[in-house]
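In order of appearance the chains are A, B, C, D, E, F, G and H, and numbering begins at 1 in each one.
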């Protein structure tokens, strides 16, 4: 809450335009809905342009359905990540318009059409096994109102594949680069394009990849500037940041 | 055993009030019951005001039931942590008054009513997925004779939810703050309240959370003073320490 | 700021007792002093009973002296931790009443006498090399108005030394247990006393102690309940938490 | 090199407008200058709008001066990071217009004035000790042609300081959040602003901060969306990404 | 693409021998086949003498079969690693000539006979449990056209077994040494033979082997020269490098 | 093979007492049986007094039965560790005299009676959940011809239980101390007894025990001398070393 | 204290042979001398046959000299480990008979001659750089009354050197094997000798040895039985355990 | 020693051509020179074609000079790695023909001219700061009799520099790729060349590079086949393996 907003409320109280109780309600910051096990932040979409998102992992199906129901009543778009098919089945019983991206393990219920900018987000993967994480990023960016270009399996071991797709990659306002194993793709891209790159390490690989640690460290230590990193397998986070940048 | 206690026993031996064998029994410290695979410390509740607790993980159901039976004969309250439903089913066959907190995976058999102080313990979670650990803390604190206030899903990503519940949180004599992922909740709380905070990192999250390591390190490095930390997912430990402080 | 406080301010605005600007000042939360490189929180001592503390490591001597000067003008007690002798020399040039605990590397300027409760804090170390961390805890607790009992070099390798001092250790309302190497002291104490134990791992040791990691993990995994842990070598944090508990 | 560019070159060869040797030169990609121990990429500023930057650590002073001399001849702005005062002294002997930001340990030689957008970059630190990393980010952003707002020492332990500066922080088109110890600042900011946040963990702290690992993990696991992360102490990388976004 | 090749193409364009479009095709580097989820590099076998290999883990069975079908049409040998029996069953339905090495979990379809040099590759394991990784190396080397000698279970705990097989081990042009647990075999071999040794750590063991980390570190720190290392359990990588060296 | 043994063989060759081929056989070190996937070291029991032991994990049941059959023909005692019940069932079909210690997951076939010394080995556990590892140590020590005393569940959280059993613990010639969680038992024992202690960390615990790492580090950093350590959960290794020492 | 000892004391109290105060003194366990910063355990040599040892690292020179002075008065042998030359110089000023092993960084003052058994301890190193740790073990074993054989620089990279010294190594009743880098020596020795091996990892090496971690893990995971491990660079601990075993 | 060699010796003993003592000498394996702190393996050059190399780190200057003197008498080439200038100064006093590569910190004394094959070794670095490690590899390869091509500062951030030097890189029979920070160079090279690549991670970088761990993991997880890895900063090891392969 900015000082200007506070001042305005206080002046309205002084002028009697607003009662003490109303003012208090406003000053106690932003509203949310409390269902005990969760506090749902309906104000979020107004505030940030982004709907609240349900991270399904670690919640019971019952809790998830209840949260969706409350969000549904407000009319915004709904995104549930890390949802297995059992969860989707329960959700779609109640909300038949729900759709499921199986690779991304993401549930979406589209109820409004956010404004979509001209520019697009390039989503690049090093390998085929990185696609689920890339799809989570894509679903996230799309539900938030972005166009997405998917360029999959262009890792550095066969770098000519990357060169052939460089035009379309470079065309994006921002690039999401998803890679497991040694995670070198963002570093190579960073030397070839001059757009911000959101690097997403994946847990794809084995042995000394330590469940994605190797790709994570590679990306953090990138010798190419312009690269920032999100958590291992965090397609959602990458899609969210990319959407923010794409909409600037 | 304090020097005063030793002196008293020796004087009683000298005076003939107590036989050598009785004295020896007393001097060989505190009693326990030996069932081979376990040595049950019945004296504990007298000594510390806390019943012995059964950490069920790693024990066979047979061993658990046998230990409970021995403790039951002594009449104190019984708490079994990390117990799955199979264990509870076997326990409740024999002790129908046993109750089970499914989220906490805790078995309790209440047989006495410990004194309950006026003050209460605030148990706060950052997210919904942290609730099982918080419930383990709550069950522990309650069976030891404490009032508990649960404030769930008030993590720092929507900090206005925390502010709205700050009164009730601050009202506790001691605060348990449970958080996974980046585990920032105790640091923020530490700057807002002046009560001791027991921070409990959870393994909630994925990728570079390394099964709770990220939240653990965050809490250990808290820039806010007044925070001490227990093991990852250790709701029991937090409930125990909080109970100790609440009863001071 | 509690709802009651907000309500009161709003009513005073409504009644004209307080101007909009004054109210705004109050609503914009707590005051601090901004010197560019630092924002000094003078209100802290009023709010929490604890003065703001200067963590000297990573600050220039010039910055430290400037911060102390600003705090000095407010008249509260001042504590500077992790200060080497060079820093102290500069500080004492300007504030001759400043004192320095060399083992603890702590500067204190005592200007008021906080209320000191009857109860005391037991500070126990496993070895001689753990004393600097224990002294940091002691200095912190003392400047915040607590009595402290020091019981040093009673580690588990010669456990009879611990038994002989058990009376005085148990007499404390709360216990700080400082240990490096394998860090077993808090676990053993936890089985012998029924007071909350703040465990402080130290970086004392070598090889697979990994700069205190071994002691830290030991303490987090303590099989004895009642133990919570602060950061490696964080005597200040332990003294702060213990003071909070001692003053309950 | 895009297909269109290749096509154009080939057609010019076919038409005889360009000789085979000239075409070959163009097709062999972008030019650089080879001084044996280094290959200097003069084309970079044209290509990306960013001058090549000298990471001084691990290079001899002789090498650094030689690289600067070659870059100087081309007339672009020059930035040298991780340079100690000895290096600066040698550099300024030869290039008296060089300036040195001591906190940032950065050398700059400003020779052109890049276009500066209206929007600015907010650079926020949790503590005073994080300032050097923040200054590296600021110097980088400024030499690349950006306006910067510095908001220092507003960490989560005294969160009202953050609230008071929220207007100016929110005003930036992109935010750089620099924090050591537990690194919670970006998570809290992520819930309060709707701009992309570049999080920079610092090695400030001690013990279980493991030279910045704790802050790094915190930031990667942020429960607030909109946060991406660069390497520990990598002010330069943050300044570079932020500049890219600010100029979109 | 070498400068000579570029020059030749340009001269052919100049001379009109080759059209601009044909030249462009050639200049846009090497061909591959794009099936959306994968870009298959058919040119690889021509270029390097090695067929592209399918790392099956993380791909759906459907994707694997589709990739094999595309590769099958080109006529080269096909190798699929990390394939479970379900995958093999689906593959063999469509390609009955496919064979499966169960220990190695590798599918091979042999369609051409690469030239096989006289020299052979020695594949040595420390224990019986290391055989699956050794078999992956063997299958890889064989499909690429190499003779292989298997010497299994000659670890350092019974070093006389190693000595008795030293003649045949030394006879190889290059040696693959596979070991889990403490991984000492390559170090001992390195002191006894003067051939390059490719060391493969395996995840065999338990406890402080940390899924192969112990063997990996042992091999990287080998006091015997002549040893280089591939990833944990990476039999394929070892077979590939050994094949390269054997064919020099 | 000692120089004396070599000299004797050479003199017998010189004297014609032994043929060149016989001598060669002897000089080529110790015999073993080669079954391809394993080289069985029958000479081991003669050489060291210890039978070869089968580490069943990672071997197929077929391989295990075959190895046992070959060892059985030689008449020594047989020990198979880390064997699940399926393996035991297959083994006992063929060797009905095989016995199975379920807690230890160990198969034994006793065919000879090794000499058993008067002295015994004390095997101590901190908790009930550590018993399986202790039983593996006990089975190992017993099959190698040692008397064993089991003292279970005497961890440091209730140290009076340890004191009451100290006589029998101290009576052993060597002590095996098995503990998970914080692993403090060997340190405490090391200060109370003057016998060599073999410390065995177990993976019992959760969270920051990191699968036994916490107990391992505790034991390696023991401030009490006289403690050496084997791998996490390595009851076999502890039993083996203890047997060696007990038979000195 | 055994039950028999307690019983005897109680009967003497009953009979009036011993006063209550004398008995209390005895029952309050073993004596030590308290100098504030340290509690010196003079009874230790009587109890265990081993003098108390001063770990000098982390103690001030003043503290060390004071502790030695107190121990000196009791007449036992004195060992100070991890002592630099400055410490030794101060110690030798006051105790001119003190000697210094520079490689081991150990101070010894020999005042009594403990009984020395016939058998000896073999101390083996892999390399020359491991000698300081081996010397610490040797000094420790010698001051405790053991004969020692030093066999240095026989690491596995030139295993014939080990074979040539195998007779003398095998002749020891117990073997200390000291190795850095990959630490394979104890594993190889474990397959060649049937004596208990105390393995000492050293921090010798670089890169992925991680200050001795690689050698530590190698030794803990040794596939050869009969090996137990002490902390990295812990020559003292190895000498102590070996002395205990050698004196059995 | 091969069976054929043993047989030959035995037949000579039988025939009286060789005395028992001579034969014994031969059978006791290969000779070395024992100077107490080191066992120098003069036979090594004959056996493997490689001189023994002195790893100077951790040895005293006195020890180093003595070892060199003994090696010098045998006439082979001498290589000392990890030698600072102080060591070189002492060495060159006694052996004026010694030369010093300052970047590599390597001493060489060239006394014989090993045969040099036609083929060469490509040594590639990602950055300027990686040159010291590359020079260690180069010095090693050269003293062992190899031609070397140095291609420095062609890291993936400006990949056109790599392409321009690809011809000369590809021309090598084997490639050494040296890189710090994110270490992506070998992965990219692996997709462009069909020669064995020895990857050398360096400790160049900061923060989450963890002293070379990031580059090490990147290289171990390379998605491009044909890459094997040596220890962090281990230029010597890379030069040695490459020399072995180049001489095949």
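The definition used in the following text is that a contact is a pair of C-beta atoms (placed from the backbone, for glycine too) under 8 Å apart; a residue touches a chain by one contact, two chains touch by 3 or more.
Just so it is clear, the model here is predicted, and its values are computed rather than measured.
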Open item on the list: Please report the smallest number of touch steps linking chain A to chain E.
Closed with: 1
Task: Result of counting contacting C-beta pairs for C-D and F-H, higher pair - done: C-D
Open item on the list: Just the number, please: Cα centre separation of chain E and chain F in whole Å.
Closed with: 38
Open item on the list: Roughly how far is chain D from chain G, centre to centre by C-alpha average, rounded to an integer in Å?
Closed with: 53
Task: Mean-CA-position distance for chain G and chain B (Å) - done: 40
- [ ] Would you pick out the residues of chain A that each touch at least 2 other chains?
- [x] 3, 28, 127, 158, 207-209, 213, 216, 220-222, 225, 231-232
Open item on the list: With touch defined as at the start, can you tell me which chain E residues reach chain F in the complex?
Closed with: 127-129, 131, 152-154, 158, 160-161, 163-164, 204, 206-209
TODO: Could you pull out which chain C residues touch chain F in their complex?
DONE: 126-127, 155-159, 181-184, 187-188, 190-192, 205, 207-210, 213-215, 217-225
Task: chain D-touching residues of chain C, taken from the complex the two chains share - done: 28-30, 32, 36-39, 41, 44, 55, 57-59, 63, 82, 201, 203, 211-213, 216, 231-234
Task: Of chain F, residues touching chain H in the complex - done: 3, 6-7, 10-11, 13-14, 16, 20, 23-24, 27-28
Task: For the chain D and chain A complex, residues of the former touching the latter - done: 2-3, 47-50, 53, 166-167, 170, 173, 194-196, 198, 216, 220-222, 225-232, 236-238, 240-241, 244-245, 248
